[in-house]
């Protein structure tokens, strides 16, 4: 036995995304955002997308390119305060935005990845975020039903991968990536380096290969990955 | 292991196609690994937290911290990964397990599986078996055609507590390969030297026979 | 930062006791870190996935992959750990966060907090603020006593959308330290040179005064 | 700033467990079972315990000592087939046993660790395991409510720890340990080695220190940790 090889090209991987797809994207700010996969999605031009991402990056960066190109119909997110352009699109009704408490977005995605139907929580129960959500009484306590989220495609930025798609992440670039890497029908990974089999210690793998469908090794990183000077 | 069982296990191994993620249940299914070539691309999963199971090891070679879910000492391959029990079953429930091979007490003609409890006799708990049976993309069963008393294990209805309903796609026995179809059990292949009539006799529900010759294994 | 704000931040830092796990919210609370000694035992948490935040770094020193939830470039300490967003909020929701310091638009006399949305003006989403406010074992607020127009931020009732109800235990302002008690706001300390009457004037709900001298900071 | 020190002695750590406590114990078979903490719990003799553990080890090993000493009132588990003594205690009514599907036990513990109230799942919905459990209809599908599990104490076996309780596990000794290490009011860790601060890479920590209360370094390992020859 040997482990299967899932390496492919950027173009072929992103071509698997259909129009109208629901797409999860890793990242919290710059760290962990799959900028190269996003650029290829911009180039290929799939439209009518629903994006699930912690934030909307900043104006002129990352997913903002997809917003600007009119490729996005809907965004499920936690905070878009660093992207004035996204707020403008939301306020003018050109994109539909659903806000989630950050940890609950993480748990909804994880629940999707874990094959669960929903989680029950008291988070945000007293706020407008949960005003129209189903409630369930457990031991006399009214809890909010937060349904599991799954996507057609997850776009993941990893530090290292092997050919099977065993991944590791570095520092705060981990964030939503390992959760989304479990929660999509098709998981596409860009990795800063493709390592030979056996180089990643089995104890140090953050996302096990069975969850991953396609891995693409990045060349030189674009400016979008760099330090932001404000 | 009898010759008939050996052939059953060898035949079941052909069910695994390149690139699959596979969980081999405790008992007979574990033996399937011996029929996979060194360069065959497959990922074996064990629910206690390992993808990429390598060869079984003797106690002398073993790592005290590295077992499979059946308690056997196993090894890793280049490209293996360890994870916790939640991630391990997340993989199973979210559709990343292409195939599981399980043992059975009973299989019904609707594909219901009973393999975890015999009330009053055997009730150690279901372990991970329910999730494997309910959520693997394809579930096949390896079992003898009859129990020790000679009673069929393939039945019209399960009489024992159910593991999962309608989950079994195919059954490998010491006598035959039998599919579960919308119309019930259908004979696909027979063991060398075993007649279709003998198989039907040892099956506790109607068994459809293929038109024409029945392949042997 | 004004001298009054500096003193407020320094005073708030004394709220942190040895051994605590603490999350410092975006804005003023982040500045509290400058008042913690190098040998003070504390674990700072940031919700984007780090326990054990070290000193803030300039862009020249920064690691492009290492930020806090406010986007500042930070560093690690010996004993830091990285984790994903689910684990990060598991820590918050399961009671492992001893203290959080948050900013506020409004705090009610019942301890309700509003700090995430001004309908029609500011609605970028709540981020992780709701879980911090609802689940930290102790929630304190750092804010100016009044908004830019001079209106009190401490009120009888919040008028803006709520972040969490009854969560705030104590408020540090440029004028005072005020506790939220079952009876409402209670003055604990006043900033040097600020009279209790001025504080009461700048508070939008009844403010109980302590018997005897009011400590200053 | 520096990170706090949580090192203590075996005796002092286990003395924090009261009579009648609910106690989670890591381990799947031998790997990851906190045998030394169990031996100390046996020596101190706390009674009326509810144990939550994947399995009951084997007769004469691990938690079986606690069963034999009559310290256990109740066991929540997935499979006790390797411990005939435990099955006998169950069948004779001397301990109360609740069985869970293995991945659902893992998720219930994780939900406790994540501060959730419950999860909703279709697992075991058609079996007797879920026969008396609450159901909730989500999108027309009847799902089983599996409530979150928390414990008073979790007993964890780790490979390494630092003084703050950042942990790593090795091979299949990980299993339930990182889940239980999030799900108890008091988390007590035995570790094969206590490493100085900064030795464990921040990216390779499996259980972050904030979840842990007490860490105890093991000396020479007892026979119970060794290879089982059957």
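Lettered A, B, C and D in written order, each chain numbered from 1.
Rule of thumb we're sticking to: a contact is a pair of C-beta atoms (placed from the backbone, for glycine too) under 8 Å apart; a residue touches a chain by one contact, two chains touch by 3 or more.
Just so you know, these numbers come straight off a predicted model, no measurement behind them.
J.: Most remote chain relative to subunit D, going by C-alpha centroids?
T.: The most distant chain relative to subunit D turns out to be C.
J.: Quick check: more C-beta contact pairs at A-B or at B-D?
T.: Pair with more contacting C-beta pairs, A-B versus B-D: B-D.
J.: Calculate how many whole Å lie between the centre of subunit A and the centre of subunit B, each centre taken as the average of the chain's C-alpha atoms.
T.: 35
J.: Counting in whole Å, what is the centre-to-centre distance of subunit A and subunit C, each centre being its mean C-alpha position?
T.: It comes to 30 Å between the two C-alpha centres.
J.: Based only on mean CA positions, could you tell me how far subunit B sits from subunit C in angstrom?
T.: So the centroids are 57 Å from each other.
J.: Which parts of subunit D, given as residue numbers and ranges, touch two or more other chains?
T.: Correct list: 107, 114-116, 121-122, 169-171, 174, 202-203.
J.: Could you pull out the residues of subunit B that touch at least 2 other chains?
T.: 50, 82-83, 86, 89-90, 92-93, 135
J.: If each protein chain is taken as a node and each touching pair as an edge, is the resulting graph a line, ring, star, complete or other?
T.: other
J.: Every pair of chains that touch: which are they?
T.: A-B, A-C, A-D, B-D, C-D
J.: Could you pull out which subunit B residues touch subunit A in their complex?
T.: Residue list for subunit B touching subunit A: 18-19, 21, 33, 36-45, 50-52, 54, 76-83, 86-87, 89-97, 135.
J.: Given the complex with subunit C, which residues does subunit A contribute to the contact?
T.: On the subunit A side, the touching residues are 28-32, 54, 77-82, 87, 97, 99, 101-107, 109-110, 121-124, 126-129, 169-179, 206, 225-229.
J.: If we count contacts the way the header does, which residues on subunit D are in touch with subunit C in the complex?
T.: 1-5, 112-116, 162-164, 166, 182-183, 185, 196-198, 200, 202-203, 205, 208-211
J.: Please output the residues of subunit C touching subunit A within their complex, sorted ascending.
T.: 46-50, 59, 62-69, 71, 73, 82-86, 88-90, 92-93, 123-128, 130-131, 134-135, 161-165
J.: Within the complex, which stretch of subunit D touches subunit A?
T.: Residues 107, 111, 114-122, 134, 136, 138-139, 141, 143, 145, 147, 168-171, 174, 202-204.
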